[in-house]
Structure formats: structure tokens, C-alpha cells
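Below are structures written as C-alpha cells.
Paired with chain B in one complex and with chain C in the other, chain A is shared by the two complexes that follow.
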Partner chain A sequence: MIKFVRQLQFQLFLLPILAIYSLFTIYPLIKSFFLSFTNFDGYTKIYDFVGLKNYARIFVDDAITSAITYTLFFTFGKAILVTILAIPLALILDQKFLTRNIQRAIFFFPSIPSGLLLAYIWGFILAPIGSGILNTVLREVFNMGPQPWLSDPLLAKLSTIVVATWAVTGWHAVLYLAFLQSIPKDYYEAASIDGANRLQQIRFITIPLLAPAMTVSVMLLLTGGLKVFEIPFALTKGGPGYETYSITQVIVQRGISETQYGLASAMSFVFFLIVLTIAIFQVTVMQRREQDLQ
Partner chain B sequence: MKKTSEKRLWILDILMLPAGIIAFFPFYMIIVNTFKTMQDAAKSPMALPSKWIFTNYIQVFEDTSVIRSFWNTLTITVCSVALIVLIGAMAAYPVVFNANRITRFAMLYLLAGFMIPFQATLIPLFQLMSDLHLIDKLYGLITLYTSGSVFVFFLMMGYMRTIPRELTEAAVIDGCSVWGIFWRIIFPLLKPITITSTIFQTMWIWNDFLAPMLFLNSASKSTLVLQIYKAKGEFTVNWPMFMTLTVITLVPIFIFFIVMQKHIVKGIAAGAVKG
Partner chain C sequence: MKKSSFLLLITVLCLSVVLAACSNNSGNSNSNSSNKSNSENTSNESSLSNTAKEDNEAKPVKLSILAWNNEKEMKPVIDGFTEKYPHITFDFQFAPPVTDYIAKLQTMLLSDTAPDIFIIAAENRNEIIDGGYALDLTDEPFMKVMLDSNKPMLSKDGRTYAFTQTGWAGGLFYNKELFQQAGITQLPETWDEFIEACLKLKEAGIIPLYDRMHDITIIHSAMFGSNVLSKDPTFDEKLFKGETTFAEGWTEVLTMWKEGLIDNKILTPDMIGLTSDQVLNEFSLGNVAMFPGGPWNIPTIEQTNPDLQFEIMPIPGKEPGNKYYNGAPGVGFAINSKTKNKDEAMLFLEYMTTHEGLKQFEEGTGGIITVHGYDSTVHPAYEPAYRDGLIAGKIYLPMVSWDRHQEALRNQFLVSIQDIAVNKITPEEATASLDNKLKEMENK
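The block that comes next holds the complex of A and B.
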């Protein structure tokens, strides 16, 4: 009896999290799956099952196809760019030089404020009109005409990637830095006795030993990238046209603004599957790579 | 040997200077423009003000409810984070110290939450929030954020596993209840992981835009990020005003950064090494 009471007391500690998580995460996910097969519009209680119709509509809806393309382009573009920049940055910030701490703080700080705020700040720099700060620089220094940084389809996409990269590179460099500092110094000493120069040491010691850090960093970049919303929303509002619509924005647009609940639910379920697939694939591939490198 | 290394490091200071300047430039740009008139900012956006003015700051405090938004954000963040940490720590306790089939199942059930993006649940969540009358209420948003305690639960669980068993076993012999063991022994020991969890949860809730945009409508309930979003529409031409508002909202974030920098870095390292 006492044992039973103790068990019960223990289980009570799980009750709050199970209740709130079931109500606000699991129940909506299941309902989202259910709604994706209906034509529910949020107003009338009567709705019909429409089978896979909503899923078929995903592929013919311009905003949705464009959002999927852009989100994937943004995610991989940002992940590659950040990784290419963060590793050398971490290697540099690991050296002892005079301005190291201030440089670390400068690169790290942009990862603290909201992405919306950072993107608005960059909005002044990238403003496509002549008064945009970057365009002013180009005019005065290179005598170039104004470039449509945020209104040309390709430039707008690249601009959002650059801003996002600026925002998180320092954060990822700190992550790599933590791993760099855990590499035993004797490895480098042994290598230099064997006659390896600094570049060879980086190539054959540092990079392979950073592989686990890369797995974590890339996973965070991919899952975070797929959920992108604030940066393109604040920079371009999703434009020009639907060119920089993120998946999140299109779910909000089609679902909440236009109350096409069925279509938006189908989209959100597809999104869930994309996130799941990429996460699983990435972790498996990169963990295999870790084993190969070590 | 010593000479070459010193020389190389000196080069790093110089090489990194332009990179640092470029990285910092956006912040310089908005700060410098808050001290300019509209005309001055439009004419030479990058130069130092031709005449330093401070009226933008006074005007922002007069024209916008930035103070109100600050308190709203603070209320939402403090309450949500406190609840998240508490609920997460509580949930980890039976899973670690009373492992059985039920708690293992609960753990796997919660683990699934990692893979479910907020966006995937958005549509039914919106309906649910309106059915429960949680829309446009600060406590509504707090309730919603609290469901994010799953991540903290996993951090807590990992940390709790390092607490020696003997500690709780001794307490049981001394007649301490299940409830008492958690509050008097376990919870105080969780301080380091509580700090890490608090910092990371604070950062994301303070900065969140999507949930406040969807679930808070009235101006009086606006958060700081939401206020920035609304101000963007109001001050389309008045750049200095908008920039001033932005700088004001950056102040608490900057203070947080300065005070917490060491802990944040430690948190990234710890989380990363474990992952």
C-alpha cells in the first residue's frame, strides 16, 4: 500500500507536463492530420472529407510551391555559408590576439536579439531605392546605380541568406570553439614533431576532430532554417511575388488569414514530414562521416 | 620562436579589423541615426550627425507605449520561463529516480515533441486557443509557451542522472517523502542546469514574434518585438524614429548579453558536447 502511494506520488510529478504537452502539441498535431483530409473552413461546423485533394492542391498552389522551394534554398544556403565561415572564424578566435575578446563579442552579439529586429536593421542597409545605405556606398565609391537588393527574385533570396548568416555565424563559431578547446594539445605537439605544418595540422587533426561539432551545428542550422519566418518576412514580406515566402508564412497566410484550414493543415503536415526526413537523414549521414573521419 | 608567434598575432588583429567592422556596422548605423533629424539621416545615413539631437528618444517614449510593451514582455517571459523550468524539472524527477515502464513510456512520448515544429500544429492550435478564450490574453500566451517545457525536461533529465542515488536513498531512510526529496534535495542541486535552461528559454520567448503576432491583438498587450513590427508600419518614412525605438528595445537585450555572456557560452558548449 505504501509502495503504491509512493508510486502515485511520483507519477504526479509527470502530470503537468503530460497535460500541457498533450493539449498544446500532440492534440493539435493529430487534429492537423485529420483536418488535412477535410474542407473545413473554420466557420461552419459542417465539412466533408475530401481525401487527398488538399495534398494535391499543395503542388499547384503557386505560393506553396514557391515557399517550399525558397525555404529549402534558404536552409541549405544558410547552412553551407555559416559552416564555411564559422569554422575558420572559430580557428581565428581560438588564437590569442589583443582584440580577441571584443571580436568574439561582436560576432556573437547578433545571435541574441530577435531576427525580426535584425532584419529591419538590415532593411535600411539593403533598401532597394537610392537612399538605401548599401546603394549609397555603391554610388559614391563605385559610381554604380541602385541595385534591387530586396526586389529582384534572386537578389532578395540571397539577401535573406546573407542577413541570416550574419546573425548566427558567431553563435556557431562559439559552438566550434567549445570543441576546439577540448582537443588535447599533445596531438598538435606530436604532429609538429612528425613535421606537419600548421595547415596539415588543421587538415588532419582539427577538422576530423570537429566532425561531432559539425553534426550538431548543421543539425541546428537545418532544423532552424526550415522554420525560418522572421528574417524574410521583415526584409521582403515574402516578395517579390511569392519568391521569399517561407513555409511558415504560407501556413499562416493560407490557414489563418484565408481560413483554408484543410489546405494549410495538409501543408503543415507535409512540413512536419520534411523536417523529420531531413533531420533523420542528416544525423545518420553525418554520424557515419564522423566514424569515417576518426 | 617567440618573435614569429607575436608577429602573427599582431597580423590577426589587423586582418580581423575589417571583418569586425562589417559585422558591427548595422548596429553602428542604427545607433548613429537616432541622433539625427529625418533630413540629416536621409542625406548622409552613415556619417556622424551634423548636429546631435536627442529629441527622437523623448518622442519615442511619448508616442509609443514602449514601456508598457517592456512590462508585457517581462511578465510573459518571467512567468513562462519559471513555469517551464519548474514543470520540466518536476517531470524529470520520476523518470530518473523511479524508472519503470510508465515513466519510460512517458519519456518516449515527450521525446516525440522534439521533432514536432510549432508551425505544424499552428492551425488547430489557433482554434484551440480561441475555444479556450486564450487569445489576446497575456496568460494565454504564457500557457502556450509552457508547453515548450519538453526541451527543458530533457536537459533536466540528463543533469539529474549525475546526482548520486545515495543522496535520495539516505533521505528515504530518514523518512523524507517523495515530495520532500524533490523540493529539499533534488531541486536545489539543479541550479547549474536551471541557469542554462532559464537563459535559453528567456532568449527565445523574449524574441518570439510568431506567437505574439498570432495570439495578441490589442496594442495594450503588445510585446516589444510586436511593437517593433507595428512601428514599422507607422514610421515608414521617419527612419530615425523607428531606429530609436529599435535601439531602445536593444538596450535590455544588450544588458542581458553582457551579464549572461559567460553562461550562454557555457550553455552552448555543454549542450553541444552532450549532443
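The block that comes next holds the complex of A and C.
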């Protein structure tokens, strides 16, 4: 009994945040689920129940098929690129050199401003005409003609991936850095006594012990990538055509601009299920890998 | 001891940041109260006279407005109004046109936090009027000055729900010197002459035209006007009654656009990634001969390059004598049907119809006033559009003329022309997709 009362004291501290979470996350989720069965247009308060019609319409929408392809390409591209770049970066930033703290701050900085702001600025750098910044540099240094960074279907997709990678690599490097600090130095000492060189130490000690960090980092990258909105939107507005439309942009487009709120709610619910599945799958697989490696 | 005082410092700093943010939001009322406290500090007499003045005036009212011109542009008319009615202050909010404004207003309307005065545009007029969000202004005395041709966009079943004092027309701004350099001596009278002029510019090593293709472009609207509407002014009515299709009206226009501009590489896909600021800048610096724009671009062009010789020109049709601009009545100011300050909101709209209100609005926003009894003086570079476009009625904007589902159709249009520009689909496929979209929206 006493134990229960003591437990209750601790649970009470959770009440405020639970209230906020329910109000801002759970309640809209449930309301949205109900709205997905209606033809609510986002304006008038009168709407009818239409059953599963919205769900049927999702899969015949050509914007959605293009968006799913692009979003998956973006997500996996960004996840792979960030992981490949962030781990070596974390290893470098772990070394002792004079400007270490400033370097850490500089690499971390791009993850702080809003993605929208970063994308607008990159939009100037990647401007497709001859007077764009990147094109000017290429012209002066390599004598290359202007490249349509944001208007060619493939280049536009790659540009969005590069900008997104640039924005978050520093943040993930700091995440890995934190986990690196927790690897005991004795392991490295023991390994160097056994005759392992630096590269072998990294391969056999650091990387396996970073497995928990990778689980966290990859999960954040995957879910963040699937939910992306502002970077492709601010860089290319989804163009050319539907080439860089993200799933979230289709939902916003259908729901707000086209006042098909019910359809957009159905789309967002299906999207929620997809992201949930991928996240659960990924965390389970990687946690098993963690245990295997440790 | 050290640790707790450090924590205390942090707490105090956080609280002061929160307080600073709150005081910024309260804006007017805070500055009024700080003015009062300042005058109390200086002398008793002035503080007495301040409070005395406030007691004599009517009860202070705060009108909220969500404008689509920013604070700087609205300043002359708001200052003029608050000078005339000192007891009314403004809670001024702004959202940029078009999509951002519409989304923000929609959120506010749904959550019952909408301001007393807001804007009705062609893109959201159906939703706002059908939803009963705007007051019926038809019988108000100040509505007499509104031009009859400006009323249909903001009306339904003969009742008008917003007041507009402006109209606008957009066309192609062209650089006179670059045209002379390429040997173009007179403005094109037909579409083929227009393409020839573009090719001449290209041969002279000048970039003829930058078009971002991020909307139903000015060129498309004007082409539709000059080629279809000039023969059949009721086309759009028929389209929405189901008596005709997009394929019938727009296929020829899109084919002409593709063959003339895309196939001749006058418009290239890389222009899709440009921002409007970049295009404006390039034109002002003389790097491109033409760009589609409107009167709102003129102040920026002149500021960037005061020596530029430029003028606006219409888009000619296939046959001579059919030159059109794109354009529409300006957006309208509407009063929230749930407002608690109805009389004051009406006073504001009435003020905007007076001569000084019109003048201040024109001065601040650069809009062209189109009401009874007021002659707008327009910039000389813009004269042709004012004369031959606005006054002559040769302006067209699909968003005004399309009865419903404008946003969905506009988005489909924009995606389709970008697909045509990268050679992904044909004009026939583009118009088919528009017809499909209309059918989808009608059946939802």
C-alpha cells in the first residue's frame, strides 16, 4: 500500500505533460481519424459521413504515387549519406586539437535554424541560371555551363538530399560523439597492446560499440525523412511537375488548397501507419543487432 | 550557494525573455500605457491632460485586421483612419498572398479567432461566402463607389460581401534598349510576330524571357483571353455547367505555348527553379529582355536600376487585333460576420471609400484605384496596361472566372505546364488531366 502511494507521487509529476501531450497530439490524431471518414472541406462546419470512399481514392492519385517514390528515395538517401558522414566526423571531432570546441559548434550549427530558412538560402546558391552562386563558381573555376540544380527531375531530387544531409550531419555527429565518450578507454589500450592499429581499433571496437547510437540515429533519420516537408517545399515547391512532392506536401495540398480535408485526413492516417511500421521494424532489427554485437 | 544563485539567474533570464515576448505581442496597448507612465514621470499637467482627452472620446475599440499588404504598405491608410477616429486602434496582422494568406485565414475562421476585417480573394471566395463568414455589405451606402464590374468576383446571388477599390493587370515588361539592340522596331501584333521577336533577341545574344512557370502564368491567361475569350466570352461559364471541356478551350493555347516557347528553347526547364526576386533582379540589371509582371514590380525595378527604360506590353493572339493582359479586380475587404465591433469595422471600410482613404491606400500599396470618381495616375511604363487592359476590359484571370475548385485546378494546371516544359506530357494529356481533376472535384 505504501509502495503504491509512493509510486502515485511520482506518477503525479507526469500529469501535466500527459495533459499537454493528449491535447496536442492524441486528440488531433483521433479527431483526424474520424474526419477521414467524412467529406469535411476544412471551412464549413457541416459535413457528411462517406465511409471508406476517401481511402479508396488515395491509391488512384498520381500525386501520391510520385510522392511515395520521392519520399522513400529522399529518406533512404539521406539516412545512408548522413550515417556515412557523421561517424567519421564524430571520430575526428573526438581527437584533441586546438580548435576542437569551435569546430564542434560550427558543425552543429546548421541543425539549429529552421529548415525553411536553410532551404531558402540554399535556393540562392543552387539557382539554376548562370548567375546563381554555385553555377558562377563552376563557370569561373571549371568552365562548366549552368546546371539546372533545382529544375531537372533528377538533379532536383539530389539537391534536396544534399541540403537535408548538410543540415543534420553535424547534429548526428554530436550524437555519435556523446556515445563515443562512453566507450571505456581501456578497450583501446588493451587493443593497442595486442598490436591493433588505429583502423583496426575503429573497426572492431568503436563501430560495434556505437550500435546503440546507430539505432537511435537511424530511427530519427528515417522518421524525420519520411515526414519531411520544408526542405523540398522551400527549394523546389515540389517541382518540376510532381518530381519532388513529399507525402506531407500532397497531404497539405489536398487538404488545405483543394479543401479536401477528409481525403487528406485519410492520407495522413495511412501515412501514420506506414511510418509506425517502418519505425517499429527498424528499431527491432537494430536492437537485435545491438545485442548480437554486445 | 554558488549553484543555487546561478540557477536563480537562469530562471530570471528565462522569465524576462517570456515577458519580453508577451509585451511585444500586446503592441499598441503596451505603448499606450508606457506613454501614460512616461508623461506621469515628466509632469502632472500633461498626464492630467492625457487622461482628460481619453475621457472625452468614445470608448476605445481595438479592430483586428488580417491584411495581405504588409504593415508598411497599409501604414498611410491606417494612420489616416486612426487620426480621424482616435478611439480606434488596430491589432494588425499580415500574411503574404496568396496560399499562405488563405491557409492562415482558414485556420483562424475554423477556430473562431478570425479578425474583424479580412480579405476575400478569388481563390477563397466560394468557401468564405458559402460558409457565411462575411457580412452582406450590398446595402451599405459606401458601396456605391464600387465599380459594377468589380462586384461579381466578391458576390453571390446578387449580394456583395466585400469591398474592393483596386484592379490590376499584368503583362510582359520589356527592356526598350535591348529590343532596339536586337533590331525590333515595333511591338508584335500576332503570336507569330511575338515568337519572331524572341528569336531575334536570342540571335543577338540576349536572353529573351524568364518565366518561372510557377502558376497559371501571365502568358497563359493572356493567350486564353486573346484566342478563346475574344471569340466566346462565356466559355468559362459553359465549362462549369458541363457544356464544354478544358480540352476544347485550352489545347490550342497550350500547343501554341509549347511549340512557340518550349520547342524554340525560349523558355527552358531550368527556369522552373528561379525565385521571383531573382527574375526581377535579372530584368532590372538588363540581363533579360522580358519578364511577366505587374504594377507591383515597378517600385522595385526603379529602385534597383533607375536608368532602365522599360514598359509593359500585352500578349497578342493568333490573329491581329486581339491583345490581352491578365488581370482581375483587386481582392476585397470583408467584415467578419461574428465581429463584436461591427460599427467600427464599417467605419473603416467607409473611410477607405473616401477620397483621402483611396489616396492613402494607393500611396501605400501602389495599387491602381478603380472606383467611380477617382482617376488613378499610373506610372508611364504601366500606361498601356491601364489604358488597353484595365479600362478596355481586356483582362482575364482564370481564378476569377472559374466558378469553383479554383485552387485544385490551378495546382493541376501548374503541375501540367511544368510537365510540358520538361517534355514529359503533351498538351492534349495536360488538358485531359485538367478535365479529370474537375470531374474528381465535382464528384467528391
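Operating definition for what follows: the second predicted complex is superposed on the first by the 255 of 294 C-alpha atoms of A that agree within 3 Å, B and C clash if a C-alpha of one lies under 4 Å from a C-alpha of the other, contacts with A are read in each partner's own complex, and residues count from 1 in each chain.
In this text, a residue touches a chain if its C-beta (ideal position, glycine included) is under 8 Å from a C-beta of that chain, and two chains touch if they have at least 3 such contacts.
On a predicted model such as this, the values are computed, not experimentally measured, just so you know.
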Joint occupancy of chain A by chain B and chain C, clash or fit: clash
First, second, both or neither for A:Glu230, with chain B first and chain C second: first
Which of chain B and chain C A:Glu258 touches, first, second, both or neither: second
Which superposed partner A:Tyr70 touches (first chain B, second chain C, both, neither): neither
Touched partner set for A:Ala156, first chain B, second chain C, both or neither: second
Which of chain B and chain C A:Gly42 touches, first, second, both or neither: both
Chain touching more of chain A, residue-wise (chain B, chain C): B
Which of chain B and chain C A:Pro240 touches, first, second, both or neither: second
Touching partner for A:Ser131 - first (chain B), second (chain C), both, neither: both
Chain A positions touched by chain B in one structure and by chain C in the second: 42, 124, 131, 256
Residue ranges of chain C in contact with chain A within the complex: 99, 102-103, 106, 109-110, 127-128, 130-131, 210, 214, 268-275, 278, 282, 287, 405, 407-408, 411, 415-416, 418-419, 421-422, 424, 441, 444
Complex contacts: residues of chain A adjacent to chain B: 6-7, 9-11, 13-14, 16-18, 20-21, 23-29, 31-32, 35, 42, 92, 95-99, 102-103, 105-110, 112-118, 120-122, 124-125, 131, 133, 136-137, 166, 170-171, 174-175, 178-179, 182, 213, 215-217, 219, 223, 226-227, 229-230, 234, 247-248, 251-252, 255-256, 261, 264-265, 268-269, 271-272, 275-276, 279
Partner chain C, residues of chain A touching it in the complex: 39, 41-45, 63, 123-124, 126-129, 131, 146, 148-153, 156, 236-237, 239-242, 253, 256-260, 263
Residues of chain B that touch chain A when the two form their complex: 9-10, 12-13, 16-17, 19-20, 23-27, 29-30, 33, 42, 45-46, 87-88, 90-91, 93-95, 97-98, 102-103, 106, 109-110, 112-113, 115-128, 143-144, 146-147, 149-150, 153, 177-179, 182, 203, 206-210, 214, 225, 228-229, 232, 239, 242-243, 246, 249-250, 253-254, 256-257, 261, 264-265, 268-269, 272-273, 275
